[in-house]
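Notes follow once the structure below has been shown.
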């Protein structure tokens, strides 16, 4: 079988989820290419070596340019912080590599546009790790919508609520905390959390036309780990917006890291003329589904445990009632990527899909400043 | 309109729920007779007067025999402790009065048999206040079963869990605590809580053939309020049993006052070949309903908010989504009673139904002693 | 005991809930005045008579002016459609009557201001029936906030979702449908549903400073029952807004009658530094409460069944675990009103509180037109 | 690092979960030995080869005796049907191999006793795959009990409900269906499902003293795949029992494959004097925890999302709010096994623990026949 030689950039949280996917996908899915964990790249050689030893990478690099130059690498997978995405992706595409990139694609739509241009010019398979599309429950909702079960859509609502930055004592920046450093992350919860909500929303319900947003930074100053000084906080701690979709439906979106009691509560709901669906990351294997065509007396929200063989992806796993977890979403995306890549194709969400989300987050951040409704760019 | 003159015996918790029903039923239901709260009877004259003033009873009696002798009373409603039921009911029936009686009907089936004999000989309308049959959600389950939606029944399970007697310091007997005094109550949770579960179960699923039970008294001695002494506790604190129904289905039943965290958690579930249903007193306006005939991918337990106009009893109340409470079950039963009584009929659960439940609780208590399966008497 | 003679205007859904409160409050609460259902007023004499017979009103009027002129009336209770509120309330106040009024107080803040001026000039006890403040669970949240248990507030979110107007065939206006006729109702879901959310929100979390809103009318034309013609629909079918509170917290609000699957899903959540709380009208006797001060391993959202004697209002009802329903909120408000009125005082929500909500709904409707953030008037 | 050479017997569902654990454990846990997937053994050489290719086994055997004879195997892992457990395990132990065995250990306590004797005589590390002990949520409950947080225990209840054999058309025996063939499986749901409930129960709450049970076979005849004939069904389709624990607490247990609507609903609840806990396999990352010591007004069942770093096993996985799945329980058990085995020790549940469960299932099956309470053997 043909091999797919992978070079990973980044060894953090996402480096682990991706590496796990590279190992697990071929055991549970029939793949047309055999993934080989060829190299892990990080500026910190010691950490890279430890990561390579644990995850079975054959080699280590400390400069991503060197990695891209290697002839034995087919796929560059970018799992490093947001401020590195553009440069690495563009270079990789130019070198003719396939590229997978963590979300958000760019810190801005401008960055993302350059990345799209590069992969499309190079005609290389590409994908952005908006992993939640491949929670089986979320994929099931997509299927139900595509089959027309919901009918005309009236409403969409999504939230991504966390509470891990409420303490004033938490520093910004540094190991594991670059998401709080605006220069690295680009934005706060808008790019980190809302971007997930937006990607799923547009996949399920089409394009977003215009938004009215507000953002807030509740804690204005935090010590910066790298400088050791108390500095102004540049990220948005909370971000919410109203939206109108191209199909005429209305939406509310909200994300925050100050919602006490919620760890990673990504919820979405879509209301159609005939049926509605709801999903919640904290119980990720379930959907709540309501169908108005049920007989009136026994009409209610159905709690569907999405663990059967006829549910998306689930025939590859265990038996009904036995659930899978968070990391499986990456396995699914990687399995789909390899299948498409073997034919030279990209799998959604492509870089172009990632750009679309960046256009919305740009509009959100702009609207929060202008206090106007902003039209979403294309 | 013809009046229905009511004489109530007892002013406690159940005296309040019944009196409320007498007032509310005619405002929300079209009744063929107009209830008149004629007299409240209690040995304690002061309490009786206060109760009469609050609830609008026209007069007060301190001896139930006098109450029964009154010509202006049509219906004797018994809401006094269990040890008084038989004597009052038999006398009332002999005097030609309609009789309603709090549950359990008798402390034993023998007591209940005498009561059945009396009302059937006198041919007077009679009913036992097993109020949970008339929670709209429970009535809905009954309707679904009767329509055959569940198919062949395989399993039934019911629990009634409380936690209010865990403290060693709680006395037995006295005001509001007669349920802990075996001589008054007859038994502990078996007659108080399991009796409810059994009544509903047989209504929904037919007769129970045999049982294997265990009971336990966790706290062996408690101070008795009336004697002021620490005395052995005679009641069962917990009672559980296995059962086989006449239709071949299997069941488990459990009740206790030592299930920390549960206030009045009466739950029931019935599993049929095609469909299943679940109900929970703590969310009494909902049923969980599962129908295997739903399309597989979106098959799940439906959470049905039983508040629509086509749900049992609900067209008499508010609008969809707005729920009613505990006391409404008594209003429903009384409305049904009056409607039937106007034609000289009884409404289920009749005294004969109450006797059937007493036969089961007798068998449960016997089995707990003999450690044998016991056949339920008739 | 002094009597409180009541004259009710309107016999619809709200006429029933209020009348029930007048009967039930004195049975369950110790009131300093005895409510007397003196008169019901409606232009339709037949309906008024039938209503009076059912609910025990002593007399019937067909002109509210006549009702106000009566010397034997102490309290005018307005349960008629929104377009009648101002005129009746102002006249009643001028006549020195106490006034209770269904929500929203006015169709606009201007209407409401006139009503506030009238009752404050006349110094008569007054209250608006924003009944959800007196769901025991909601009152409990208020108490927890007032005690400081939540700490600094970061977020508030509320929704009121229904689905009963999705059908194109539903007419606007006419019996039971005046809420769809903009000339009578003033607005659609903004005044009908969001007003509830706003009243509770400001009670719990203080004043709202500014809003950015969007509204939509999904079905543009409906047959009007009164004219028999298909006419443009003037009401908002859906309304959502972003808000900033005076205390610096952020909020999202949404209401609609097009959220398939939801009957009357009013939910609210408030997130504080230390604790958070959530409530849902479909399970109105529960709150979800999260306290970060709990030990980490067993920290979670507590599902509190608000049915204990130490919960607000609950000692007046049954025993722990047994719930009450929707209509009890009116009983509670009326009991509080009578207690305050006996001392010549008003009970919140007063007309002034109702005016504050109308200022917010005015700003919401304005913002939806201007597509600007709008400052809330005072 | 020392290697741990593994020989697996069986390629079915459990062969997959074990093999996955062998691969994943060293990536997420620091192990003192490096697992090597040395050989897979199955009578069907083709299937064994395919399995080996997919899962990375170095070699294939078709006779387990040959496997045991191999010097390069340290650990024999038994994932073949129940009727093979005893013979393989005893031979493996005699050959000085470590042994892991799928549950139930034996089809009877007599079989299990022989296995215990063998591993204890050989002093080899051994463990039974009662995997649910190592759901982080279940382990958390164990920790809370051991710390005394629950106080004196009054009640335990467990159920394992499925619905996959309701169809009359399902054959007994054959590929994937040996669990329906009594000669292979030993019993029906008693050994398959109740055994899990019993193992967890005794781990959490100590030994079971006596039981009263009932079993039922709803469908009396099914086609047997191997013979092609309709034959009597020998297994129990449903099994329930009452139990008394050594600590004086009472319990109910139930399992069935005829509970329409439930896929693999293993639930357990334990009620103590001070606190209670509940767990449900369908939402396996949560516990419901009630602590009576919480302040009364905000006392409620806490829904604890067991995904934090201070929860059992979870620091090895992702971040708070992101859950793991069913297969991780095997990873945890294997990681613990390797850690203990490196020091020559066994990890619970050991074969002796597995024997204790077989004693209870023996008593259950006996009681169902004798219709007597049966004392549990030792």
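A few notes on this one:
When the chains are written out, they are named A, B, C and D in that same order, and each has its own residue count from 1.
As a working rule, contacts are C-beta pairs under 8 Å (C-beta built on N, C-alpha and C of every residue); 3 or more make two chains touch, one makes a residue touch a chain.
In this text, all values refer to a predicted model and were calculated from it rather than measured experimentally.
The chains in contact with chain A and with chain B alike are C, D.
Farthest chain from chain D, judged by C-alpha centroids: C. The interface with the greater number of C-beta contacts, when A-D is set against B-D, is B-D.
With centres defined as mean CA coordinates, chain D is found 42 Å away from chain B.
Chain A and chain D have Cα centroids separated by 36 Å. Contact of a single residue of chain C with at least two other chains is seen at positions 301, 305, 308. Remark: chain C residues 13, 17, 20, 23, 27, 54-55, 162, 164, 262-265, 281-284, 305, 307-308, 317-328 touch chain B in the complex.
Of all the residues in chain D, the ones that touch chain C in their complex are 140, 143-144, 286-287, 289, 291, 294, 296-305, 308, 310-311. Chain A meets chain C in the complex at residues 154-155, 157, 161, 163, 166, 212-214, 216, 218, 238, 240-242, 244, 248, 250, 252, 254, 256, 258-261, 271-276, 290, 292, 301, 371-373.
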